[in-house]
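Next up: some structures, all given as structure tokens.
You will see two complexes here that share subunit A, one where it goes with subunit B and one where it goes with subunit C.
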Partner chain A sequence: MRPMSMQTNKLIKYRALFRISFKDLLTWGWEAVLSSLMLMLYAVIAIIVWIAIYSFTGVKSINGVGLTSTIIYFAIISALMPFLSWSNTVDRLSSDIRDGDIASSLIRPMSYYFKIFFEGVSGSVFNLAVSIAVIALVIHFGGLTPSVYTYAMFAFYFIIGFLMAELLGFIIGSLAIYLTDIYGIMVSINWMITIIGGGMIPLVFFPAFIEKVLLLTPFPFLAFVPAATLSGVISVGESFGLAAIGLAWLAALAIIAYVMWIKLKTRINAVGI
Partner chain B sequence: MPNAVEVENVSKRFNTYENKDTGLFSSFRRKKKVVRALDGVSFSIKHGEIVALLGRNGSGKSTMIKTITGILHPDAGRVRVLGLDPWRDRQKITMDIGVVFGATHPQLYWNLPPVDTFEYVRDVYGVSQKDYNERLKFFIGLLDISKVYKKQTRQLSLGERMKCEMVAALLHFPKFVVMDEPTIGVDLPARIGIKRAVRELRKRYGMTFLITTHVVDDISMADRIVMLERGKKIFDGKQEKLRNTFREYIILEVKFADGESGKGFRMKGRVISSEPGRVKLGILPSMLKDEWLRKLITSDKVEDYRISEPGLSSILARFYSSRDRKGNEADVDADE
Partner chain C sequence: MSGIEDLARNFALYINSQKYGFKEFMVYRAQAISWILIQSLGAVSTLIMVSVIYSVSSGVPGWGYFQLLALGGLVQLTSGMISFLISPRTLVRIMRNGGLDQLLLKPYNPALMIIARNAGIRSLGGAVSGALLLAYALHGAGVGLGAMLIFIPSYLIGLVALVMGVMVLALVSYVLFKDASYTNWLMNIMFDASDYPATIYGIIGSTALSILLPVTFAVFFPAAAVFGYVSAYVVLGVVLVCIAIAVMFYLSSGYLLRKYESGGG
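Let's turn to the complex of A and B:
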């Protein structure tokens, strides 16, 4: 077991990294806020689209979900979008690899893997304030009365979703060592989250067997599962049943990210930086 | 006491890709090439020594320092820095080494003033607040950055940034410092400041320095020079030895007496410049004892003469061009 002082030193290191990354982000001030709000705009568009669909078809509910619940669901999605965004991690990692700036990180006494993670945390904390404010407004004006269990499950999936987003960002960003342009992959993953993750269509709108299959993939944990839990689109019991799948994917992504890190180091060594 | 750095027979190859031909789809017709970046390089650095690693672009300097700092692992050979294997003990060794990557890979946060990066470095390396205050005061005086270290990094000149990069790399007072081309693009006052700081840090704290450069002027701060060319070590010694090793000629300048043009004298060597009443020749050092030279300089038709060494830049430029004329041997090792 490592001495306590070493663990404390590690905490101080990563706290310092968090602090300077957060401060760096704050220099962008309103630009950062605007960027968060632009991500929310996407869910606002989804709300407009679904209002049009309900209105045009004249249906009162789809698979038991009415228009009001759908609007609340997408309002929560809009709050989650900035927090569960993974593209910043991809940008940071891929530019570090492409420009060779990873060398500047490797000469510091800290793990590059954790450095990227803590930089991501600092960026997300900024977005977290925006997310919490929007969620509070949705709960208040949406007339939601979540139970303690609902809040607990939502917080659980909120954290799971954030960790998955960071790991996914790390994995995709690492591909920059093999590919000159990873933009296409980023767009594809975003479409996955949008379509099969519940970003544009709540998964309960799909036929039951398709919904079950989609819930076995990691993408719903970045949108559908937390939003559906808080909005009541799925019950607390159903939500609880998905926890094992979420944790399994989290572990799998952590392993893949670690393997990518080893590959990254090997590749840097083979081709130079 | 073992050396601060020991590099023994280190080799490193990289895979690169080259288009086989030109044309719209040439990117799909590539062949893999193995470039030998380092080829059996050996040298050592004593504690407290300042060594300049000299070489032109692509000579292997940067690969060498990345190997020494544990960023890259050698394919063959052995590297020990402060008694540790820098690749295997990377995180451990970073506590005792400082690296300045020049302008290519900055460590300062671009949107924040350098002082924020300094505080970050303080916490990462566990420097106490008391030591931090003392060291920062010392560096501010040494590098004359009092007016710049609280300004946003992006507003600083390259010279000011490089000085602050140096502080960010040295605040934890490392035992061994690597500086990768620290003076490229830096103006003369900043360059002088950086060189003075290197000497002062060695004198006061016994720091060991390895400075890679292809700016010949930088090597004046070094005790010893290691020179790489196409991945191989071609020189290891002091500046004077470097001059003697690569010097092909010396300069003879002759000023003739009034009305004399120099006609009628037998002169050898290469004419560097010529104007009425004056001639500048490049002659071989072995010619200094030649009879024609003795006759020339002792003649009453010669008002004055001067024999001088060419600058180190000229010596190295001639050396490189002669290497290039001989052909590019062994740069590319093998097609795979």
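Let's turn to the complex of A and C:
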């Protein structure tokens, strides 16, 4: 078989997996919409809290960020949260490891990682539609006029964030081979995204030194960096400066995920754990 | 059998089941310790959030740093206690698999049996860290013994009403959907919202936080009482409402338990 047709064959398989998962998701369409809305509620709480704080403090801006920018920032966060949800990958991988289904998946003529990636992407595509709709509303009603560069940087961080979330999900899911319960790690990572990733507090509200340190971690790329770029909380120039850190973390997470996968393969068994 | 004897028998069952649960939890010691640490992250996040808010602003209307910290600590304590006492998702999963069949046949109080069976020992880490944060904040705010004498009973009665409310919500979820994943999620969102005074959410938000589940009765009002934001009459009114809610929910739980389908389904 020629290499080209092999590639085409693989793509057809993954496309089929994606289509099946997407149809499955649409069967429970209302549940998916409800999940997105629930995830958005966290940002709504943050918006109400910060409106109360700005009103009570009576200032036009906090650390250079006005109330309108803060509201827009959290509205964008609310749009990002459903899209950057990584728990599907964790659930799929950890349950496959526990039940031993991963062993039968490995003998199939396709990469296991791409299998769960494409199955998970179906949910992300659904959430992407919700995210784009919310972001479009935020841009329209928030009176935002982002430049082409802002859009480009936002799209870049949107993709980086999505890939990071998928890799984090894969790494955490892989830990199911060592731990009897990975729920605690999921809780910790969610906490990190919420607090030190900018999910509840824009990082510019932290003292400057702490903000700089936090921006060296991967978590702000899942919430703060894309939302702050589009809302104008950070300038395009500052945002551009963070690209190298984002790419470095993406590469690091990819390497960690790969190493975990190699180690995982040597411990997998068909009866589960 | 007298009422007192019956109460003592049920209480002994509860204590024994908790002892068993704790020993079972401690079998995997490293995991147990990591769980306790992970559960305490909620209190740490409250501390960070409140500290950042007060470092860049005057804070939330009418509430000082230690006062908001105390409210956050109380929410962590309550959320940990609720997770320890009853988890709607676990309860509905047990019911869907017919897990109450044997439980309801035993000569003990059905509601107590459910609570004893559902004990989430690992959530105690959240409750303990919340209690520590609360103690630190109350000390920092200079709360006196007199205020504590109002706070403790009003909080405990509010907590009972909340536990019964969560149980009823779980049973309603079982009857309507046979699933309570979203109930757990909604409960967590309500706790997150309760980290801040209910007054900032306006009348609609405060009502939702009181009616859907009586979270404000267990958290906001006792905290407001200890800092003197509500009068003694309001505290008394809240206590009476909580007693009424708890009784109503207790009776409702008995009615809803009759909808349980034996053998699962």
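Rule of thumb we're sticking to: the second predicted complex is superposed on the first by the 265 of 273 C-alpha atoms of A that agree within 3 Å, B and C clash if a C-alpha of one lies under 4 Å from a C-alpha of the other, contacts with A are read in each partner's own complex, and residues count from 1 in each chain.
Operating definition for what follows: a contact is a pair of C-beta atoms (placed from the backbone, for glycine too) under 8 Å apart; a residue touches a chain by one contact, two chains touch by 3 or more.
This is a predicted model, so every value here is computed, not measured.
Shared-chain residue A:Ile159: touches no atom of subunit B or subunit C.
Within the superposed three-chain model, A:Leu137 lies out of touch with both subunit B and subunit C [touch as defined at top].
With both structures placed on the common chain, the touch criterion links A:Ala129 to neither subunit B nor subunit C.
In the superposition on chain A, no contact is made by A:Ala248 with either subunit B or subunit C.
Once chain A of one complex is fitted onto chain A of the other, the partner contacts of A:Ile195 are limited to subunit C, with no touch recorded for subunit B. In the superposition on chain A, contact is made by A:Gly184 with subunit C only, not with subunit B. By the document's definition of touching, of the two partners only subunit B reaches A:Ser111; subunit C does not. In the superposed model, A:Arg15 makes contact with subunit B only, not with subunit C.
For the contact definition in use here, the subunit B contact set and the subunit C contact set of subunit A share no residue.
Within the complex formed with subunit A, the residues of subunit C that make contact are 28, 31, 34-35, 38, 41-42, 45, 48-49, 52-53, 55-62, 182, 185-186, 189, 192-193, 196, 200-201, 205. Residues 9, 12-13, 15-17, 19-20, 23-24, 27-28, 99-101, 103-104, 106-111, 268-273 of subunit A touch subunit B in their complex.
Residues of subunit B touching subunit A in their complex: 14-16, 37, 63, 66, 69-73, 90-92, 94-95, 97, 99, 101, 104-107, 109, 111-112, 116-117, 119-120, 122-126.
On the subunit A side of its complex with subunit C, the touching residues are 34, 38, 41-42, 45, 48-49, 52-59, 62-63, 179-181, 184-185, 187-188, 191, 194-195, 200-201, 205-207.
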